[in-house]
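The letters A, B and C name the chains in turn, as written, and every chain counts its residues from 1.
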Amino acid sequence: MEWLNTIIQGTLLGGIYALFAIGLSLSFGIMRLVNIAHGDLIVLSAYVALVVGQGTGLDPISSLIIVVPVMFLVGYALQRGLLNQTLSGGLLPPLLVSFGISIIIQNGLLQGFGAYTHRLQEGAIETASLRFPGGIAVGVYPLLVFGVALLALASLQILFYQTGLGRAFRAVSDDADTAELMGVDNRKLYAVALGIAMIFTAIAGVLFAIRTNFDPAAGPIRLILAFEAVIIGGLGSMWGTLIGGIVLGIAQSVGAALSPTWQILAGHLAFLVILIIRPSGLFPRTRD
Amino acid sequence: METVRVERGTRTSYIFPAVALIALAVLIAMPWWGEAGQMRLVAEMAYYLALAQLWNLLAGYAGLVSVGQQAYVGLGGYALFYLTGALNVNVYVALLIAGPFAGLLSIPVSIAVFRLRGAYFAIGTWVVSEVFALSASLIAVLGAGSGLSLTPAIVRQIAPDRAGRETMLYLMTLAVSAIVFGVVYLLLRSRHGLALTAIRDSEPASASLGVNTFRTKFIIYIVTAACTGLVGGLIFLQKLRISPEAGFSINDWTVVVIFMVVIGGIGTLEGPFIGMLVFIVLRELLADYGAYYLILMGALAIIVMLKAPSGIWGYISHRFNIELFPVGRRLALAPAEDGGKK
Amino acid sequence: MTLLQTQNLSAFYGDFQALFDVSVGVEEGETVAIIGANGAGKTTFLRAVVGALETGPDMVLFEGQPIGHHTAHDIVRLGIAMAPEGRRLFPSLSVEENLLLGGYSKRPGPWNLKRVYELFPRLHELRRLPATDLSGGQQQMTTVGRALMSNPRLLLCDELSLGLAPVVIRDIYECLGKITAEGTTVVLVEQDINRALDASARFYCFQEGKLALTAPTKGFDRAAISAAYFGI
């Protein structure tokens, strides 16, 4: 039954990858902006949680009460202050500005915290597992993370389809100029959008940092994982991103089962294969 | 009646090459008047300049913003080490093979990444580079995680004595940098360069005029990869060691290169020079402050992109109407040749 | 009172000048038509008024206040709404969601979802469909309804009849009559000259970005209009 364990682990791994991807998906869907600093913002969230934990003694998951609003404000400020000005300049400005932000965050964290690795400690839940007949073992923590991913996607579904704000997001994503003619302040809306993206990024950052060592340079690989989940799933589809994350997770899990050092590479290779065979992803939805 | 003719340069642009040639002669003579440390710095400037010119050709002219060129630096380096170490190829021959090797591997890469556009293309090239880095760290004959070193025997193939080696490596780097620059310059002056500028300005428009945009971009990508591989071979020949982390380091080979081009002036030939100088100066000035010079360069790149997207050189050249390396074509009014009798 | 006044309005797309010193006045409660050939600057004029195009601060006055430098979303809040050329409905939104989005600025007034459905009963049946699934005429009604949802004092209609069958156009203009009966001031841009003139009290004729002719519509000589329209 080892292969079943592998599949289950891979599927649950897809949960954290989907959480990584949400922020990226949101900012691309609403603003057509690919934020190269996305991975570094995930890592920044982990460092904020570290500082909050050291200062207040809160455990990481509880510290989200502070980390989430902080990261919302960071996202709002970044979009309002910098990224909004790149939106009408074509391809290069958003890419290069977010690239610059990425390097600044990485090196700022390096200067501030040094190159040491850290991990957030949540306690016993990190290693607890549920046992099922047939030798199947499911980690409680990965199950929790997967559940959070489902909740996150469901809440986004509600936001987009049942609220006025979500309606405005969809309108702006369709036709920003006409939305402005309806009274929508695009600049503010984009800032709110990145702020909301950062809420999920903060959650993803804290959850991943409980299980994985992180250091200032841990951002880029997170960006790549988020990106792979989005592309495999198909641009423009939130639930597709979950499927993309699961496919990525399973590919990595299978690779790891062959040899632990193969895990990340297996994910990359699966991504490239899908890119070559089915470039628009498994469930593409974006109108361009 | 006045006629219009097409001019290739301004007055400044005819004076400047003469100045440049003199400077180049001084640099070539450096082994005879300079110290080893100075030569190594100039060599470093030369190879960074080459990498910057190549990235600029790819991103600023062909519109292919790649964040994965470090893949070819690493591939060139590893090719050199493997050929000389495991296959006993002469070091000079190996260097000549390193470039085309990288170029060859860029062909399957392009099949994958050309399916992506814009920022997604950028991240895709990054993934490919990670794949190469991870693969290198898993392959035993490539030294796996620790990498490879050049044996003293191989090193001696460059030149029998230390001073000779310093000189040879220095001159080779200058030569490669000059050749890369020459290739880029001639390419941009040619029809292909005009095609590239058209593609950069408007791909649909240029396609409708018969420019084969896909093939042009494809060729540029492969040529750039090959040249980057050559530079990579040269870089690691000087470092004497290569590892997956160093060979495929995005920070060393891509981040600083992108900053150089953006700050200096993307899409211009002069920009990479200026950007490279800014980088070296900042790095030397802030050497004692750890990563601050990178933070500063990042901030500069952001400011440039928001306030002066054509970079330092773009700003200067528009303000003062100078072009040092003429690649454009200007329309000038000329008096009729026969004194106006028409 | 004069609701809208433009004073020597000039507008540019980059280096290209699209409007030259256009002075137009619209009284409250009026329906004014703007006619002219393609490229005459009619849509540019509307875009300048609604804030989608930047102009000098004093070039556009609304209720006596300069709005030339205001952003489009601020201008909606002040009480100007547009039914844009080509309808520009949001494809990801249903008919009802498009209408609700029109009310984003939450301006108080007589118009709400219920009243828009009373004006356009057909839309109520179709309200859950994606807006772009509707026929041309129904989409046009949705566009007008969406603009009404912001309770504008001034409604700008750009090419209502574009691409529609005569029967459908007639229905839409009937509804327009009901809208103006509520006291809404309307500026109508139209290529269909007869429709425009039948629905309006005064008209302006644009020609190559300039004002060529303005007069009350009642009894005005159509031949003179043709001359101004084509710049003869």
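Note that a residue touches a chain if its C-beta (ideal position, glycine included) is under 8 Å from a C-beta of that chain, and two chains touch if they have at least 3 such contacts.
All of these numbers come straight from a predicted model, not from anything done at the bench.
Chain contacts here run in a simple line, from one end chain through to the other with no loop closing. Compared with chain B, the chain whose C-alpha mean position is the greatest distance off is C.
The central chain of the assembly on a C-alpha centroid basis is A. For this pair, chain A with chain C, the centres built from the Cα atoms lie 44 Å apart.
Taking the mean of the C-alpha atoms as each chain's centre, chain A and chain B sit 33 Å apart.
Here the spacing of chain B and chain C, counted between their Cα centres, is 54 Å. Within chain C, not a single residue touches two or more of the remaining chains. On the chain A side of its complex with chain B, the touching residues are 34, 36, 82, 85-86, 89, 91-97, 99-104, 107-108, 110-111, 220-221, 223-224, 227-228, 231, 261-262, 264-265, 268-269, 271-272, 275-276, 279.
On the chain A side of its complex with chain C, the touching residues are 164, 167-168, 170-171, 173-175, 177-186, 287.
Touching chain A in their complex are the following residues of chain B: 59, 63, 65, 67, 111-112, 115-116, 118-120, 122-124, 126-128, 130-131, 134-135, 137-138, 250, 255, 258-259, 262, 266, 290-292, 294-295, 297-299, 301-302, 305-306, 309.
Listed in rising order, the residues of chain C touching chain A in the complex are 50, 52, 71-73, 76-77, 81-82, 84, 88, 90-93, 97, 100-102, 104-105, 146, 150.
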